[in-house]
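Once you scroll down, you'll see the structures, which are given as structure tokens.
Here chain A shows up in two complexes: once beside chain B, once beside chain C.
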Partner chain A sequence: MSTVVRSVGPAPASLRDPSGPARIVWTIAAILILIPAAWLAEFNPATLMGEASLRATGQFLATFFPPALGLDFLELVARAAWKTVAIATVGTTLAVLIAIPFALIANRQLSVSALAEERMCFACAAVRTGVRWLLIALRTVPEIVWALLFVRAVGLGDAAGVIAIALTYGGMLGKVYMEILESNDARTTRALLVNGASRMQALLYGTLPVCLPELVSYTVYRWECAIRASVIMGFVGAGGLGMQMELSLKMFAGGEVLTMLAVFVALVWFADLVSAALRRWLG
Partner chain B sequence: MSIPASAAPRFPVKSVLVPTVFLVFLGACITTLSGDWSGLFSRAAVANMLAFFVSFFPPAGGVAFLQRVVAAAMETLAISLIGTLLAAIGGLALALPASGRSGKIAKALTRWVANVLRAVPELVWAAMIVVAAGLGPLAGTLALAIHTTGVLGRLFAESLENIAPEPYEALRRNGVSPMPAFWYATFPQVLPQLVSYTLYRWENNIRAAAVLGVVGAGGLGQMLYVHLSLFQVQEASTVLIAVVVLVGLVDAASNAARARLIR
Partner chain C sequence: MHVSAFPASVTDSASDTLTDPMLSSLDGVRVSYAGGVAALDEVSLLFARGEQVAIIGPSGAGKTTLLHTLGCAIRPTAGRVRVLGRDPWAMPYKALHRLRSELFIAPQSPPLPPRQRVVNAVLAGRVPQWTTWNALKSLLHPLDAGAAHHALAHFRVEDKLFLRCDRLSGGERQRVGLARLLVSKARLLLLDEPVSALDPALAKSALETLQQEAFARGATLVVGLHAVDLALARFARLIGLRSGRVAFDLPRAKVTDALLAHLYGADLGVAFQEPPSTDDARLRVTRCL
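Presenting the complex of A and B:
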């Protein structure tokens, strides 16, 4: 059987590309934006490829091998890694404690005034909006900035990292909890409220049974993110693996940096596995 | 009278075991944390902390200072734009072999590279590049580009794997060579998704770019770090406001662009 290529029907009357002009305009616009951006970012590959720069980079990279594997050093790294996990865990726990009351306050489904007269009372709506704004403020400031601030407020060390995670993740968890609690079918909760259940009862028997797996699963996922974040925060002095990495970098001890990078990647990978397994099991 | 087996009450493993293990683990974590925690919540410490945060108000003004803030914000924006653009190019270059079109070995190898690039956070890349390439926005741009290349490489590879292969096959069978067949049959199919992923990463990267400066990689972060280190907290407060505004603006722009794309 021979396959002969034939033209696929008559050629279109006009070969004009209908999206041609738009494409040209957007390409020009992109170039006009990107050229000054490249200039502002001092993006000049030539400076990187210069002889002096290449030599400095080469020397720095050469210190990466062999990785530092002394017993004392490994013990130090193991301690730092465990501390990172501890900061992330305690921080996430505090974040949950911050998030729960806010999520409950802001929850629109549990509004009693909305039940009675179709609309929420003004004060109730105002409180709910206020809490939403507070949660937004908490999570808009990146965790490393919180860490920077708290390193100055409470001193170098683990406490700054824990507080920074608690605040940022409190904001994030609060918002997500609120969304999860509001996105479920409102009828069960509503039926309980209408029939005289208290808000707490309506929450515990109407909303939570449906939402709990999702809430737990998201919290575990955030714990995994917190481990990553707590390494990063170490760079500004908030304890753990990141702080050790920063010290080694400052001393140009590439071998130590390489070992810690490997430990970090292994840690994140392990947290990922644990988190996935937990979520499968609990979800 | 016997209860059917399915209705017999079972030991509630999850509701007993999970909280117990969690509490033990949490206890172990708390005991490791160093620092004087009781001192942290003492009246003096709380008053100190309040005083520290109150000192951020009012944010610093002044035309000359605001001009520097705007310049730093533009630098941060530029870092995020160029870093994301480079990463989109690098990500596509990684995704082509990583989607399995150049054989199994190339696929495994490029996936591994993408995973390594992705596993190290932007800030850690930046801290290392600052040592190698010197302080400044270039280090931040490269750090973003490297990390994001890993992220986009993986996402792009997945979208390339998930599209219909027939148009590409049809062109190939009719004698078109691989690259043109890719650009005319495969690429147009995945383009909206690639652009959408890139925009999403841009939103992420503007946040990263705003804080990368903390390790000396330019932009608003560097300004924030410098002012905080000099205890010029009102200046730092203005920079923080600029970070929040810039992130909000980029989110809005990116959302608008994505909405256009989907329409």
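Presenting the complex of A and C:
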């Protein structure tokens, strides 16, 4: 080490990291911004660690053991878990059905009218922009808000959860599908289009061979997210494991909560296994 | 070393070009890209049905732009284009897209999706003739694997039929791209450096296959070529392109070394700097084959 330094000579002032001061300034600024934010959010570690809260938390956590393992209860949980998976799966399937046509319409790479000219026709561009906006609107509203709306509309139960997932995830999937399809090497589709293939044919023979694994893998990842989301939406009455968990939480039945948390972890782990297997198969 | 005579006979029979209803032509064509630089300028050329023409010229001369303009993939900034006797830019765009299925543009590096299987990459040349439903069905089970195999066999890559495209070498990819042309039904074939990744012997046989196919179909064949030797050996008509303009448009016999030297200017290819052999020019151009 020292020999290296000797051979180079004393370090000149210019070796000082030029971005060092800026980093210090930004770190201080971030802390200065965070403190009032925490104060605004009424986050005070002292409250959390206060004797009263610690005792309340401790008492509640103590009720977690032993986990509830009654046969009736397990059957109930199994049915709720199955419902959660069903809500996520049906919701994601509907979302895919919403997303595919929109992603195809909005895709600029497959535009025949823009093939030989700089711009595509006005009407086509207008439709594409409209679809983009619609997708933004769909995914801007969080699924839990959709769920609350539909719980009012179609009543408590699974249907509200399914519709909520279909709408929000349809918007998300549509946008991501669009981006995945457009990230494809444009020359593969262009070569087909200039030789007279139709939009769909160019998609089938130019885009999908490259993009299909990514599309499937993202969809499966979204399905995984939908399982989590459907648990959360259960809390507002949209069916499934979340609804049961809320009931148990309200009744301070810690043992039941623990069992359901365990089932929930197992569910997510299972979803992860399925998606990993699918991705490996497609790889 | 023989110089195939059959392209010459094709050209001779298609000499009364102006009355040909399937004429393809450029008339005073100018193509400028964003930024205002003209890739083609004042280009006027006629291509009779069944004619086989090589386009040569230094890199950036506009060979690719010329092929794409002739293939309705670029709309000229100025001038008129006729493609197979029709004016593409006066047609409704659905009719224009139908016209596109009658021509085939083969880009220099065939854009094959890496995960696609060779059989589908080849049959992609046939999809313009198919319904979307059939195109979809063919992805699940190839509709005409026989045609794909036959086309690949012409370029000696039939053993790759069910391999994925990302398992191919550069030369194999290029030949798969050419096999796609063979299964198409196009009557105007526009090839951009079709044999650039092939060794000399393969390049010669691949070009011969393409020319025979074009001849059998009565299709017009326009090929952009870097290898001047190959162009001289296999094409009866040569068009020299330089800086977006037509430098010459001559039958093979009238293309002199001086013209070629001028065409390539400072980028003078090694081929023309070597001391002239005692034989005639025709023998020299076969040196590379």
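Everything below uses one rule, namely that the second predicted complex is superposed on the first by the 237 of 283 C-alpha atoms of A that agree within 3 Å, B and C clash if a C-alpha of one lies under 4 Å from a C-alpha of the other, contacts with A are read in each partner's own complex, and residues count from 1 in each chain.
Here, a contact is a pair of C-beta atoms (placed from the backbone, for glycine too) under 8 Å apart; a residue touches a chain by one contact, two chains touch by 3 or more.
Only a predicted model underlies this, so the values are computations on that prediction, with no experimental measurement involved.
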Superposed partners chain B and chain C on chain A - clash or fit: fit
Which of chain B and chain C A:80 touches, first, second, both or neither: neither
Partner chain(s) touched by A:200 [first = chain B, second = chain C, both, neither]: second
Contacts of A:213 with chain B and chain C, given as first, second, both or neither: second
Which of chain B and chain C A:103 touches, first, second, both or neither: neither
Chain B versus chain C as contact partner of A:188, first or second or both or neither: second
Larger contact residue set on chain A - chain B or chain C: B
Partner chain(s) touched by A:226 [first = chain B, second = chain C, both, neither]: neither
CA minimum distance (chain B, chain C), superposed complexes, angstrom: 5
Complex contacts: residues of chain B adjacent to chain A: 14, 18, 25-26, 28-30, 32-35, 37, 40, 45, 48-49, 52-53, 74-75, 77-79, 81-83, 85, 116, 119-121, 123-124, 127-128, 131-134, 136-138, 140-142, 173-175, 207, 210-211, 214-215, 218, 224-225, 228, 240, 243-244, 247-248
Chain B-facing residues of chain A, complex: 3, 5, 33-34, 36-44, 47-48, 53, 56-57, 60-61, 82-83, 85-87, 89-90, 93, 140-142, 144-145, 148-149, 152-155, 157-159, 162, 228, 231-232, 235-236, 239, 242, 245-246, 249, 252, 257, 261, 264-265, 268-269, 281-282
Residue ranges of chain C touching chain A (in the complex, touch as defined): 34, 68, 71-75, 93, 97-105, 107, 110-116, 120-121, 124-125, 127-128, 130, 132, 135-136, 139, 184, 186
Chain A residues within the chain C interface of the complex: 112-113, 115-118, 185, 187-188, 190-198, 200-201, 204-207, 209-210, 212-213
